[in-house]
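Everything below concerns the one structure shown next.
Just so it is clear, A, B, C, D and E label the chains in written order, and each chain counts residues from 1 on its own.
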Amino acid sequence: MVQNMLMNLLHIFIFPGLLFVTVIGVLMTGIDRKLVARMQKRVGPPIVQGFYDFFKLMGKESIVPEAANKPAFLAAPIIGYVSLVVMVLFIPMFSFSVYSGTADMIVLIYLLTIPGVALIVGGTASGNPYAGVGASREMVAMIGYELPLILSVLAVCRKVGGSAMTFSLNEIVNWQAANGCALFQWALIPAALAFLLVIPGEVGTQPFDVAEAETEILEGPLIEYSGAPLAMFKLNTALKMFIMPAMFVALFLGGVHTGNVVLDVVLFILLTGLVSFITMTVPHAIAARFKVERLFKFYWTLVAALGLVSLVLVWFGL
Amino acid sequence: MSYIHFPVIAVMGQFLAAFLVAIFGSKSRKASQAITLIASACAFVLVCLLIKPVALDGQIISYWMGNWEPVSGYAIGIGYEMDALGLFFAVLVSFIILMSAIYSLRYLEHDEAVDRYYTLFLMLSGSLLGLVMTGDLFNMFIMIEIMTFSAVGLTAFRNYIPEALEAAMKYLVIGSVGSSMTLAGVALLYAQTHTLNMAQVAAKIGAMQASGGLTPTVVFAFGLMFVGFGIKSFMFPFHTPVADAHPVAPTSFSMVFSTMVIKAGVYGLIRIAYIVFQVMDKSSVQILITAFGCVTMFLGVTMALAQHDFKRLLAFHSISQIGYIITALGLGTALGLTGSLFHVMNHTLFKALLFMCAGAVLHMTGSKNLDELGGLSKKMPHTTICFLIAAFSIAGIPPFNGFASKWMIYQATYEKAVESGNFFYALVTVVAVVVSVLTLASFIKVTMSVFFGQLPEKYKDAKEAPASMLIPMWITAILCLGTGVLYQLVDRTLTAPAVAASLTPANYVDKMMGSGYAASFSVKDAVATAVQHMSYWNPVLWLTLLVIVMLGVFIVILSGDNERGPVLKTKEPVADGKYATFFSGEKYRHSHMGGSDLFWGFKHDMKPYFDFIEEKHSGVLTDYTLWTIVAMAVIVVYTFVFVK
Amino acid sequence: MDATIHSVLSVNYVAAIFLIVLGLYTVVAKTNLIKIILGLSIIDYGINLFIVSTGFNGGTSPQFTLSELFSGQYFVDPVPQALTLTSIVIGACVDAMALALVIAIYKRYKTVDATEIRRLHG
Amino acid sequence: MRLPFTPIALKNLFSKPSTVLYPFKAEVQAPPNYRGKLTYDPTKCVNCGMCVKVCSPGAINRIYEDVEGGQHITYEFDMSSCTFCATCQDFCSTGAIKLSDNFHMAEEDHENLMVRGSYFKKSVPGKLVRGDDCVFCGLCEKACPEGCIKVDRPNKTWTWDEAECVRCEKCVQKCPKKCLEFKAAESGVEWSDACVYCTLCEKKCPVGAIKVDRANKTWEIDKEACIKCGTCVSVCPKKALTLND
Amino acid sequence: MFKKMIAKSMSKSPWIYHMNTGSCNGCDIELVACLTPRFDAERFGFKLAGSPRHADIVVVSGPITSQSKDRLIRTLEQVPKPFCVVSLGSCPKSGNVFKGSYSVEAPLDKYVNVDVSVAGCACKPETIIEGLYKATLILQKKREAMEK
C-alpha cells in the first residue's frame, strides 16, 4: 500500500506531474520565443529565458493594490496552476498513462475552463478597469473557442466509440493503436484542423492574445500583478502551451506504439513540440493580433463549421 | 407505521399555519414570523423523517382521504400517494421554504403588512407540498391553482411598485390560461377513464396502450396537460411572466418562486409523461420535449446576457436551467432522468443562493442595476464568497454541484444520440455545452459588475448582510459544495430511488390500488435502456489530486523568499502611492468596468440575433398570450399527428 | 347510450369548444385588460360546460334517499358536477384577483391598455 | 487562405540571423561623418565665445578663474544637454571643437558626459595701438579671428573695434613689421581728441588737477594729484575723457 | 539554490517599461528599433512590458513636460522594487533645446535618481543596448542590497 502511495506521489509531483510539466512548459516557451525570433531573422533569447523570467519575477516584490480583493487576487493564479497540473495527470502519453478514468475527456475540457476563469477572476479582483476589459475579452475568446473544441472532441469520441461512444482518452489511444491515427481517418481531418486552430486560442499566444494585448490594454487582467502571482500566471500560460498540443497528440496522433515506455514518452514530447510549433510559433511569427469580434466570428463560423462537418461525416458512419 | 400520516400532516400543517397567521399575524410581526418558522421547520422535519422509509426502503405511502378506500378496484376518494419521486421534490420544497422563512425575517423589515406576506407564503408552501404528494389528478390541479394564486399575490406584494402589479397581471393571465388547459386535460382524462386517481388512470391507459394505440381523447388530454404543465414550468414560449416577476417580487419569495414553483411544473411533466400516460418510450414525444428544452436553454441564457437588472438576469438563468432539466427529462433514458432530477436539486440549491445574494445586495445597497453597482466584495465578503460558490456551480466548474448534473446531462444526451442514431441529440449536447459556457460568461459579468471592480461613491457605507440572512446563505453554499463533491452519496439516497420510482409505474399502481392491479391492466415498467444510471464522473479521485498538488504549490510558495509588500490598511481607495490602481498615471477616479459594456465582441457579432429576441420580448401582455396559444396549438397538433 | 344522448352531448361539446376558442380569441385580440379578464372567464366557463356534460349519461339527477334505491335505477355521474363546482369557485377567484390587480394597475399606470403597460420588457 | 509570410518565415528559420552581436562580439563603426561625442582642443581655442552663443540648448559654458597674469579658462561641454547639431563645430573659427564618431555615451555618473578643456590665457591689457611703420599690408586683418581690424590699403586707414576684440594677440604675432602692440592704458584719466576744450572738467575737478588752455588747445593733467574720482569723465559733454584704473 | 537562481536571473530578464514624457519620439523609435532584428535586444531578455507593475527598467524619454510630470511620479511609485531608471537621450537629463521653457520641468533627477543616462539626441540603438545592459548590472546590485 505504501509503495503504491509513493508511486502515486511520484507520479503527482515528479514525472508527469508538477515538476516535469513545469520544466517542459517553461522550456517550450523558451524554444517558442527563440524560434519566433529566428523566423524574424534575429538571434532571440536563450532557451532558458523562461526560467530567468520566472525566477526574476519570484525575486521581485509582489504588490497587492488597495482596490483589489486580496484573497481572490492571490488565490486565482494558484487555482489556475493547480488545475493545469492535475490535467496533465489525465493525459495518456501513448502507452504510459497515470490516471485514466473512464471519462477523462470531459474532465479535461472542463478543467480547461478553470485557468480561464482563474485569469478572469484574478483580473476582475484587481479592480483595474484595464483588467475589466481584458477579462471581458478573455471571456469572449473563451465562448469563441469552446464551441469548436466540443464539436471536434465529440466527433472523435463518436468515431472511436463505434456503436457505443467513449469519453476515455485511453480507449481513444488504444483504438488509434489498432487502426491508425485518428488524423488519417479522412472523416476526422476537419475535426483535427478545428482542434489545431483552437489550440492557440486557448493558450492565448500572439495572434489570439486578445485578452493580454500589452499594446492595447496593457496586459489585460495581469496589469496589477507583480512578483510571485505574475510568475504563476506566466507559468499557467507555459503549462497550457504543453497541455493543449499534448491533448491534440493524444486525440489525433495516438497510434504510435513503440516498445518501451521511455521511448514513447520522448516521442510524445517531440510530437507535442512539433504541434506547438505549427500551431503557436508560426502564427506568432507571421500574423498580427485579431480584433475581438473578428476572433469570435472566426471561431464561430469557420472553425465551428469544420468541427460540425466532421461530426456530420462521422455521424453517417464514415 | 406512524409515518403514514406524515405527508398529510405536513400539508395540512402549512394551511393551518396560514390561517393562524391570518388571525394572529396582524397584531405583531413577531407572531407571524414565529408561526411561519415553526410550520416550515416541522414540515421539513416530517419530510426528512420520510426519507428513510420511502427512499431507502422503497416503500410507497398511500393515504386515502377520509378513509375512502377503493371499492372493488375503483378509486372513489382522494388518494395521497408519496413515492420516492414525490419525496425527492418534497424534501427540496420544504428545505427551500425553511431557508426562505429564515431569510425573510430580516429581509422584509422595511415592508409593512408582513402577516399578509406570511399567509400567502404558507399557502404557497402548503400547495407545493400538496402538489408533490397528491395521487389525485384534480387535487393536483387544485394545488396548482392555489400555488398560482399565492405566487401572483406574492409577486404583487410590494404594490407600491407599478412593475410589480404589471408582472403579477401577466403571470395571472398566462398562469390561468395554463391552469385552464390542465383542467381541460383532466376533464378529458376523466371523460375517458371515469376516475381521477392517477394510479387507476395509469392502469387504464396502460391497458389501452397494450391493446393498440391511445384513443384520441387521451392524446388530446396529454397535449393539453403537457401545455398546462409547460406553462407552469415556464418552458420556451411561456417563459416571459417569470422574467417579469422576479425583478419586482420580494427576494425571499422569488427565491422560492424560481426554485420550487417552476419545479412544480417539471414535477407535473414527469408525473404525466412517465407515469400517468407512459408515453416516454415514444421517440416523437422525446423529440418534442427535448426540442422545447433545448430552445428554452439557449433563449434563456442569451436573453440573460443582454440584461442590466441583477434579478431579471437570474430569472432568465432559471429559465435556461429549466431548459436543461426539460431536455434531460425528455430523453427518456435512465441517465437522462437522473441527470434531470439531480439538476433539479442542484438548480434549487444554487439558484436559491443566487437570489439570496441578490437580495442581500438589494437590501444593503438598495439597487439591483448592474451598471451602478461595483466593488462590493470589500464591503460584503460573505455575500461575495457565497455568490462565487453559486456562480461557479451554476456555470458548471468541476468541484461544484452544477458540474456533476450538467455533466450527466451531456453524457445522457450524447448516449441517447449514439444509441438512437438521431443527429438531433448530438446537436443538443453541443448546444448544452455552449449554453453552459454562456452561463459562465453571464455570471462572470455579474461578478465583475457587482462584486469586483471599484466601489462607487454611493455605496461607500454598504455593510455586510445581517446574520439572519447569512445563515441560510452559508447553509445553501455548503450544500452546493457538498452535493458537488459527494454526489454519489446524494445520488444513492435521493435521486436513484426517485428515478426508479418514475420508471416503474406498475409498482406505483400496485401500491395505490392493491397488488396485482397493475398486472391485470398489463401496465409494464418503462423499458428504460440500461438502468446503469451511474455517470462515470467520480470527483473523489480528481479532488484528492487537487488537494495534493495544492499542498505542493504552497510549499514552493513559502520557500520563495520575496517579501510581500505590506498592504495599507486604509479603507478608501488610495489615490497615490504604490498601492493605487494603475490608471496609466492618472489619479484614482471611479471608472468601473461592468454591466452592459462587457462582452462587446460577442454582442457585436450576435447583434441581429440579440435585436430580434429583445424586440420579441416586447412586454405587452397580448403578445405573450399569443405566444402561449400558438405554442399550445403547435403542441396539440404535434401530439395528434405523432403520438400514436 | 342511445342517439339522443349523443345528440345532446354533441351540442354541449360544440358549445364548450366554441366558448373556449372565443375566450382564447378575446384574450389575444383585445388590448383592454378588463376584456382580457373576461376572455379568461369565458375560457373557464367553456371548460366547466365541458366537464359537466361529460358526466351526463341519460340518468336522473343523483338525489335519492335510501328507500328509493333499487337495482336498475340509473343516475347521472355526480363526480364531474363536484369538479365543476370547484372550477367555478376557482374561476371566481381568478376574476376577483385579476380585477383587483387591474384597479391597482389603473391607479399606477393611469391606463388599462395592455400595449401601454410594458415597463418590463427586453 | 493565403498565409502571407510563411515561406519567408520558414526560410529565415534556417538562414543566419541578421543581428549584429554588438556589445560583446562585433565592433560597430559609426557611419562616416557621424556627429557623436564632442572633442575639444583647448590649445586651439581663442575663447571667442562663438560656440557658447550659438549652442541652442546652451550646453556649453565657460568658467573663468583669475590667476595672476591672466585667466584660466575652462570650457565645459555637457553632452547630456547637447543636441549634436554640430553648429558649434561650424562656428568655431579655430576648429577647436570637433564632433567625433564615438557614440558610446551611456554613462552612469554624469561626469563622464561632461567634456572639459581648459587653458591658461595671459591677460592682455589695454588697447591695440598701431605703430607708425605700418605698411597697411592687411595681414593683421586676416589673422584676426573676430574680424575687428579693418585695413584700407588705398587710403591707408586702419581701424580696430575694441568691443569685438578678444585679445587673442594673433594680429601682434602676424604683423611683419611688429608695429602692433597692446599698450595698457596707464591708469588715470585719458584724453582723446574728441575734446573741445570747454574747460568744464577743469572747473569740476575737486583737486584742480586738470589745466586747459582754450587758446592753443592744450590739456594736461597732474597724475599725482588726480584722485581718479571720475567727475571729469562724467561731466565732459563730449565724452572725451575715459578713466582707466 | 533558490536564492542563487533568483540573484542570477535578476539581470537576465529585464522587462522594459517605456514612459514618453513629451518626447519628440526620436528616442522612442530608437528604443523600439533595439528590438528589431538588426539590434535585437531580446537576446539579453529585454521585453517591452505593458504595465509598470511588470517593469524592471523604466525608460524615460522626453523633457518631462508639466502635463506629464505628476503622471511620471505616480507611475514611478507603482513600480515594484528593485527597479532602475534609464533616461533616454538628452531631454530627460537637461531638457535639451526646450530648457527654460514655461512648460518643461526638465531634469529627471529632480524626481527620481537616474541610474543610467544614455546621451545622444536620438541616441543610437547600440548605445541604448549598452545603457540597458549597464542597468541590468545595477539591477542585480540593487537586488543584493534589497536582500540584506
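Operating definition for what follows: a residue touches a chain if its C-beta (ideal position, glycine included) is under 8 Å from a C-beta of that chain, and two chains touch if they have at least 3 such contacts.
Model, not experiment: these values are computed from the prediction.
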Common touching chains of subunit D and subunit A: E
Joint neighbours of subunit E and subunit A, given as chain labels: B, D
Count of contact steps on the shortest path from subunit A to subunit C: 2
Inter-chain pair with the most contacting C-beta pairs: A-B
Chain occupying the most central position, where position means C-alpha average: A
Centre-of-Cα separation between subunit D and subunit B, whole angstrom: 95
Rounded Å distance, subunit B centre to subunit C centre (Cα mean): 31
Euclidean distance of C-alpha centroids - subunit A vs subunit B, Å: 35
Mean-CA-position distance for subunit E and subunit D (Å): 39
Sequence positions of subunit E contacting 2 or more other chains: 2, 6, 37-38, 40, 43, 51, 53, 78, 80
Shared-contact residues (touching 2 or more other chains) in subunit D: 17-19, 21
Numbers and ranges of subunit A residues touching at least 2 other chains: 37, 40-44, 58-63, 130, 218, 223-224, 227
Chains grouped in pairs wherever the two touch, ordered by label: A-B, A-D, A-E, B-C, B-E, D-E
Subunit A-facing residues of subunit E, complex: 2, 5-10, 12-14, 36-38, 40, 42-45, 48-51, 53-54, 56, 78, 80-82, 143
Footprint of subunit B on subunit A - complex, ascending: 9, 12-13, 17-18, 58-67, 69-70, 72, 78, 81-83, 85-86, 89, 99, 101-103, 106-107, 110-111, 113-114, 117, 120-121, 124-133, 135-137, 139-140, 142-143, 146-147, 150-151, 154, 157-158, 161, 163-165, 167-168, 210, 218, 223-224, 227-228, 291-293, 295-297, 300, 311-312, 315
Footprint of subunit E on subunit B - complex, ascending: 559-562, 565, 576-578, 580, 582, 584-587
Parts of subunit B lying in touch with subunit C, wherever the complex brings them together: 138, 142, 145, 149, 152-153, 156, 159, 162-163, 165-169, 172-173, 176-177, 179-180, 183-184, 186-187, 190-191, 194, 196, 243-244, 247-248, 306, 312, 614, 617-622, 625-626, 629
Footprint of subunit E on subunit D - complex, ascending: 17-23, 28, 30, 36-37, 56-59, 78-85, 103-108, 110, 113
